[in-house]
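A, B, C and D label the chains in the order they appear, each numbered from 1.
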């Protein structure tokens, strides 16, 4: 399918604020970026680098006052995600070197503390794909989706306890439970067609049978038409924006639409969001405010 | 100074167990590896890779039964570490791309939750080196060093609360407090000459004034003659051994000695240790026991 | 300045032909990609990777028959390039690790054989920027620009001898002469506003005074408004397309225009080119024709 | 087999001379470094980095006067190299991303000019392993091994023409002919047990059937017990020493011995060599002599 997807972020900076942006999807397995637009207002110097996970990151210093980012892309996506019931567990000794670190615990994924729960959920389950799917299904059925019940510091152990959260929390829990079984798992952030309500989204991938498979604990069915923007260990690595200073996100719009006869942007229906609903997509880091 | 340093680890594996070892120091700033020996018994296939932080890692599968690792090296070290009171804070926008991620929270370093404590400790302190040193000093004076008070899951938030721990905990807290001030900080593991009691050691580095500086909250004075073995965000990244399965560390010896007239190993005084004392140097991950 | 730049390549493949494309500029120092479009006809699977130099590369297998690539972008460029007469030579021992390999000879830049010429040209010239500029000026004044006088196998030693060539040859010679003086030099390919005749272009960068500077031996004056597409040691690394099999480039259009009141593409004046004129931008590699 | 291998290089520097050294083998597939010693006299600061190919490189500035390097290692090696007659060609579209660049021509391997010879040699040969072996055999039978017939600037095209050279030339020709058939090929430098006369050695690897295989055109039979020190495109990448300034190699010793009852070094029989015989192992680059 051809999708037009994008977002608009309107910030107000209380002073010059360094930002790292991670909004630019890369062409790769399962998606091809046909068109891309990226505008920052006011115009400031931007430099780009590739992080340890291969994500394209942009660095800017937002000046004091309003600061807006507009990103949109036309992307060819896969209509279906691969599913592979019964696909075997990949033993640790056969994992590629650069996949190994996805077995380790990380900030929001304390896999070292969730071994018992993982074992319970996957009891009598064949090692591999079926374990990851059992985890996904368990979360989908046992964790309630509700905005406002978690924040940027919520981690998988809390979600396992409170059994409520948003896509970020579902994802952290899924990752942690897979890693507790020595299944490498990573966080993916991006867009999902027909997500309701529309928003930036997060899901996870698990590595079994020699490759990554997509799992989304917020959905009842496996669905395709996803646009991957970034990969990482957890939300600390893949925030769409990481800000180093006092800056308010006043408004955010996200859209994902099919490319129709009128070719796109005019046909978009924007999902307006209030910044309070999206704590999980923005890192706000540190207080070394050198600008006072 | 020329040091002979090394360790011997005696394991008992309950079944074939994949291991990642990180025991091999690299020559680099401040140290030169003159001689190195690395033996594994029984002999098994070993492959080596470089991780995301530049550390040399070895992968093995320990067979069921006893498994031992003997590593030793002769290293030229710097007698003093650089100190630089007053060295200025490096603004986030001036950090090198590959240093940026050391500002982010990680598994054991929840810097996003320790902003208030960091602000208190560094009140009226000049941004930069002096902040990192104030943090180091505060930890040294306010956290009690005691074996057995923490374990492999202890993180900086708990240490800030309980104010007791070992070198790993001191280090996690120091890193977290620096990051809370937007000062990049990373964990270092290795050897320290005349550490008492002798053990594998951990400390941290903070990035100010355009470079990394060494800080060790377990010591009252800045001391040199360190051998760096690995760098990472926190203990999840730099465990000397990460094991994926049931395996017991029965005995560990660590030694660091000056190279004297008899040239080394014979002169070593071993510090024998019981595995219960060193939970923090070994990752034990996951329960996907495919070997049953 | 805001530029609309792009190219269209029309191929005819005699059989399924693997291709590596390097057409996608990255945002970075001196340029910001505001908009980008990339279309391949017929639609085939494309995967993308980042090469050793940081370039974004796309891999496709062109099916038998016509195959076309259309790329366009709107890019904010710098109106001027930095010049710095008198900027000092950076001693080899002070070069960053990842710049060192740009001192070595490469396929088309046999710097090891051009030491005498480099010494002659830069006699009595202050080490550093002035040497690179003396080299650029000498090439501009002593090598004749003429299409059809060189081909894809022409290297710097031949150009030094025959003193005729195109932008690729000027660039290889400039790079080789710099490297012969231990000045790191690399090839840049991309677009240049108001190049006449319009074409894909190549120039070089030399590393002095701790940073890269732009030099273009085909131009009498230093000119800005360049769009960098890729960096590498020489043309072997940075061909816009590298094909592995029998495939004919039938037509190529290249355009670079200012963004005017009608915002772009309609206003483009295409410079149509015949494939015979552009041997240097296309690698045609090997004859292991498995498709027969 | 357990081998003791090493080399001693005695230089005389006419002034302070930056050097890059590549003498330290890495543990990896087929070899395990049990013991390693590395000494430089006089003692100077050394820093180490990993290059684009994964090789460990050391940077030093040799002071004016005598400068010596002593390296030795005890290495567990494989007694046999893998051979796989009939193993299939890996199509370009199936090559891993990081193998692709080994299909491109490089400084001493002008594969773009040797397509006809490659086609002749491999006529009626099954694509893949058999082609690489046909090339190896053809070189072994048609190129004469003779010291002093080539130098540091000799490339594969010349060797194909003159049909005489040393291991470096044999290797460059083998690599070029493989690449001309779209078979990725890379240079390996290191030690070979029972090489006669003993010397630092070079051979090549070709990528077929999804992995690298070892080929040595200087040998009549496939032989194991090799110690790999470095990989690269050709000799420009993998010189044991690359010097940037006037420096003379006065003496070089190389040894490779089995570890016997007296455990090694005493039992070594040194192969003393004159620097004139080893032009191919040392890069001497550039003339920007800033030290006068």
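Following the convention adopted for this analysis, contacts are C-beta pairs under 8 Å (C-beta built on N, C-alpha and C of every residue); 3 or more make two chains touch, one makes a residue touch a chain.
Values in this document were obtained by computation on a predicted structure and should not be read as measured data.
Steps from subunit A to subunit D, taking the shortest chain of touch contacts, total 2.
Taking each chain's centre as the mean of its CA atoms, D is the chain most distant from subunit A. Centre to centre, using the average C-alpha position, subunit B and subunit D are separated by 36 Å. The distance from the centre of subunit A to the centre of subunit B, each centre being the mean of the chain's C-alpha atoms, comes to 31 Å.
Contacts with at least two other chains are made by no residue of subunit A. Pairwise, the chains that make contact are A-B, A-C, B-D, C-D.
The touching residues of subunit D, counted against subunit C in their complex, run 18, 20, 49, 51-52, 57, 59, 61, 89, 91-93, 97-98, 100-101, 103-107, 109-113, 115, 118-119, 127, 131, 152-153, 179-183, 236-237, 242, 244, 283-288, 290.
Contact residues on subunit B toward subunit D in their complex (touch as defined above): 26-29, 32-39, 43, 46-48, 50, 54, 56, 58, 76.
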